[in-house]
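In the part that follows, the structures are each spelled out as structure tokens.
Next, two complexes with chain A in common: one pairs it with chain B, the other with chain C.
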Partner chain A sequence: MLRHYLLTCWAVYRRRKMFTAINLLCIVLTLVVLLVAAALFDFMVRPPGSGANDDRLLQVPVMTWIGRDGHSRLQAPLGYRTIEHHLRPLRTVERVAAVSQPQSVTVQQASGTQAMLMRRVDADYWSILDFRLLSGRLPDRDDAAQGRMVAVLSATAAARLFPGRDPVNRKIEASGQTFSIVGVVRDSSHSHGFADIWAPVTTYPSTEYRHQASGNFTALLLVRRGIPLSEVRAEVEASAQRFVFDDPSRWERAVFWADTQLDAVARNLLGQTDTPEPDTAVLVAGLVVASLAFMLMPALNLVNLNVGRILERSVEIGVRKSFGATDGQLALQFVVENILLCLVGGAISLGGAWLVLAWLERSDLIPYFTAAINPAVFGYAVAASSVFGLLSGVIPAWRMARLDPVHALRGVA
Partner chain B sequence: MLRHLSSLVWRRKASHLLLLLEIGLAFVLVFAVSAMALHGMRLYRMPLGFEYDHAWSVTVERGRLARTTDDNVLFDHLLRAATGFPGVRHAALASFAPFETHVIITDVGLPDGSRRTLSNLFDASDGFHDAMRLRMVSGKWFSAADSAPGIIPVVINRRLADTLFPGGTAVGKQLLADANDPSRRETYRVAGVFEDYRGQGDFRAPQNFVIRRFDAQRPHAEVNALVLSMDPGTPRTMETTLARHLKAVVPGWEYRIAVQAEARKSQLRGVVAPFAGLAVVTCFLLIMVGFGLFGVLWQNTARRIPELGLRRALGATKRQVGRQIMAEQFLLSTLAICIALALMVQLPLSGALDGILDFSAFGMAAAMSAGAIYLLSFLASAYPAWHASRLSPTDALRHQ
Partner chain C sequence: MIRLENVSKTYRTDKVETLALRNIDLRVDKGEFVAIMGPSGCGKSTLLNVIGLLDRPDSGIVRIGDGAVGKRADRELARLRNVTFGFVFQGFHLINDLRVVDNVELPLLYRGTPGAERRRLARAALERVGLSARMDHYPNQLSGGQQQRVAIARAIVGQPQVLLADEPTGNLDSHMGEEIMDLLESLHRDGTTIVMVTHDERHAQRADRIVRVFDGHLMAPELAC
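Up next is the complex of A and B:
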């Protein structure tokens, strides 16, 4: 029976090739847009580069100070002191890394200056995020402890600064300091990974950063194996309550939370900066509703096209009805046909989305962006195609099923 | 003729309803995009109020937020160091470098508490108007001569002066800021009025502006950047020398030097890129609607071959038949546009998008999107209409 449906479907779609092509074009245009959006979101939520540690990686990107007057709020990335005092001693985490936000520095060369992004990181950073070493070595604890002026370059930065030469053991001058290059790593596109230059945190010109409660650091926490994330969150929250202010007359308390990447994205997009757990469910639901809303107009378009196509099949419908096919069977048949077409469109769109993403990667609009069609995006493509097929197939199918067999047989709808 | 066509469209209202909905939605979409584009263009054409050629800015990153009065003394040292630097014509301290989107907003009003309005608040040193080449309207830029105990000298932009002192002169008058909060309340004296300073960039709507005189001894002064006007032809390599020079004054801070014209370019890119993405997606949707209309019209004319054949047999010319198909489509588009307009005219009427969508912008956007929809209707109906007009009456009448 199913084989029969498929053959009918194939025959119908081949009969009017131009309309099938128009239908497919509409489906592909819609799904490409949705797939690119899905791949971008997936890139934000699950950036490549955290490797095997992905499911036990938490981050503390920002803290909020709440004033005694009841309405003052101050939001800032963490200072190094806060990470040392409040996060490193935690019992539920295996390792804690401090990484500064990427800062724009000018790198001085004989050929001129180049603007580059630089991060200062501690030694644990290299073992928490997954970096692929291309040449040389990574800075170790000894480099950090001694405050050696060493730096690591990304492959892209190495190619820009030393085209065609091995940068290891060469020197660069960045933001008025001289670093010697010890290693080159493959480009990272993790939101706390991407940079052109990484240097140990101890290479700051002054030691002032050690005493700062708020600064420009993010803490990355690697949770101990077997410990649930909720326990870590509770410990971090409790640790924030022990926060001591330099200026206790002005500030009442500080809050910060350990977030997964999805939490951090939801916090940013929803602006929920001072709730312990952001509403990730609201974010996901909002995105699903947005996808459906975006599909609305293309779906209407397909409905209009399909209504016409069905009327062309009135003779077939009339015959099937007079031999006893029910309305439901006919409607189901049409919806299935439409979903099949949408799945074919979905397959083509995967290719289209891949092209768009490849173009985005090369265009450098987002620094170190690398998105790929991974299983999650593929699953979204299948789901979106099916929903789209359902949305655009139900109304024509209903109208088809309601055709009066007497008129339908005569071919007059 | 029009009545006849209308009744033809009305007869098949059930199948036209979905088509109407689709055209209407397409119209709303194009309307939204063109209204955004028009708004952006209008802001882009407005003068910035300052000049960014041959100007650099230095953003100082202190790596922490808590500010001490010592910081302002250090900023004063930086200003002196920058003023003496070769190639620098004028240097000044500012709250934020131009083409950055940080703002501080406060409310200001007359000393008696009336006419309170929201305004941007900014701190700048005495040479700011020279470094940014601002145009004064009346009065003078503040200087050391204006300082008085308990009163902060300020300059305000023309927009704020017109709001607070309509028809009168603002120079020499006093203002009260943050009247509600006793711990932050401040009294200002207006030293001068300048034309405008749209430091946040081309796409920000003009706003009220108060610039306070920077004084290293005043606790609440908030400066983070140096702005410099340079001799034309100063090479970019001087940036590193300047950074080193500043680093020698305050070693613990980071200095991010930007050429203002380039900061503007990268800001423009940042605004235009997402909009371009939106425009591309809209074009996709429009193409889709065009193909959909084409398909529907094609099917409709195919089903109406007997009717059209009859018209030909009764003496209608080819051209008249073709015109009928196109006219019906235009009638349908017009109906959809009218319904959509009737709904959307509520936006300027209710003032929900005040300052973005007034009646002239509404009219322009409506005209642009109606043009796009009519063009689409024309393109989609041209071939089916031509095809219908080519039918020979005998074939058409025998067609089943």
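Up next is the complex of A and C:
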């Protein structure tokens, strides 16, 4: 039966070239937008760069202080002291890395100055995120312990600062400090990985950062193998309850949580800064509803096109019914035809989305963005195409399949 | 084999009611060749559609074999149409997007016959109508007479109990019309029950019995020559 549906479908679409082209255009335009949105969302929640550690990686990006007066609140990235005292000793984690927010620095060169993004990181950072070393070496614990003024450049930064030359062992001056370049890594697009320059935390001009409870750091936690994430979350939450304030008369308690990347995105987008576990299900459901709503208008247009297309086949419907087709079989035939067209549209849309993402990647609109049509986005494309096919195909198919055979045979449906 | 008892059918639109069939009693026995005649709009096609379960009567009983059809579900009616009837239409009604052989296989497709068996039976049906050489052609590559022969092959491929033909020669010239009538007569000689609507007195005379319809009524029965 399926072979028969495919044969008919191929013949109908080949015969009605203009209709097929308009239908495909409508499908492709809708799905390209959805696929680009899906790829961007996927990039946010599953950024490349954590490699094999992806399923063991948690992050503590912010902490909230709650005042004794009941309404004072302070929300800020973690201070280095908080990471040292409250996160590094956790028994459920294998490693903890401190990484600063990327800060704009001015790099002085003989050829002029360049604005770049710089992070200060500790030695564990390099083993938690998955960096690919292109030349030289990565800073180690000894560099940090000795406070050596060393730095690593991204491939893009290296090309900008030292075009055509190997930057290893050369020096740069960034915001008044001189660094010796020890290595070059491939560009990272991870939300805690992207930067132009990385230097050890101990290269800060002052040691003040060591004593700060809140500051500009994020903690990356590599969970011990076999430990459930929920156990780590509970330990982090308990650790926050033991937080000691410099000014305990003003602040009553501090809260911070260990989030997956999806949790962190949901927490930001939904504004759920005080919730132990953000409603990721609500976020995903909201995105699915938004996708469906976005598909609805073009789907309604396709419904009209499909009704017209099927109406002109009313004699065929009458003939098929005369020879034993049920309403269900006919509806299924028309739905299959529509879903197949949508799947073809989905395949074209993948190509279209790839082009748009490649353009986004080159345009530098999003720093260190890398386009990825990965299996998850591909799966979303198949699902979205099928849903779109169902949305736009079921109503006309069912309506036309229920035509009275006598009227259908007269072609007056 | 087929019995209609006191069957009536009215078509209703917003403003007009048209009584198409009035209290029809009709019996078609196995192996019979019955011609239905009458002026345009008298209800003969409606009668054929009611017999073929394409249309439901407003009142009365339609019996196929021993059972009354009654108000059966769509799925059951579809199965009954599939195994009981083969339809031949005035306008051929072949699906132009499908090859001749795929058109002929259609009734077997809805019966769930496996592909290889479908192909074998379709080839045999096309041989029966003398068109096995055209099985890979598309309908619009054939003449009108050839298309009607394909339609007859489609109607007989599932070996239905009754062949229902609605003005099968209406769109053909006299020569091709005679060819189709020869074919129907030959099928009848082989034991096929045929009910045929026609305007053509000469063609009707080739049936065993002529049923005349006028204003939705059956006229007195008569025997063909």
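Just so we're on the same page, the second predicted complex is superposed on the first by the 413 of 413 C-alpha atoms of A that agree within 3 Å, B and C clash if a C-alpha of one lies under 4 Å from a C-alpha of the other, contacts with A are read in each partner's own complex, and residues count from 1 in each chain.
Going forward, a residue touches a chain if its C-beta (ideal position, glycine included) is under 8 Å from a C-beta of that chain, and two chains touch if they have at least 3 such contacts.
Keep in mind that this is a model prediction, so the values were computed, not measured.
Colleague: Using the superposition described at the top, determine whether chain B or chain C touches more residues of chain A.
Modeller: B
Colleague: Taking the superposition as given, does A:8 touch the first partner, chain B, the second, chain C, both, or neither?
Modeller: Second partner only, chain C.
Colleague: Look at A:309 in the shared chain and tell me whether it touches chain B only, chain C only, both, or neither; answer first, second, both or neither.
Modeller: A:309 sits against chain B, while chain C stays out of touch.
Colleague: Between chain B and chain C, which residues of chain A are contacted by each of them?
Modeller: Touching chain B and chain C on chain A: no residues.
Colleague: Which stretch or stretches of chain A touch chain B in the complex?
Modeller: 19, 22, 25-26, 29-30, 32-33, 69, 74, 76, 79, 103-106, 108, 112-113, 173, 175-176, 205-206, 208-209, 212-216, 246-247, 296-298, 300-305, 307-309, 311-312, 365, 395, 411
Colleague: Quick check: in the complex, which residue numbers of chain C touch chain A?
Modeller: Those residues of chain C that touch chain A are 49, 52, 54-55, 74-75, 78-79, 81-83, 85-87, 89, 91, 93, 95, 97-98, 102, 106-107, 109-111, 115, 154, 158.
Colleague: Looking at the complex, which residues from chain B come into contact with chain A?
Modeller: 15, 18-19, 21-22, 25-26, 29, 61, 63-66, 183, 236-237, 239-240, 243-244, 247, 251-252, 254-257, 273, 281, 284-285, 287-289, 291-292, 294-296, 299-300, 303, 400
Colleague: Touching residues of chain A toward chain C in the complex: what are they?
Modeller: 1, 3-4, 7-8, 11-12, 15, 315-316, 318-329, 404-406, 409
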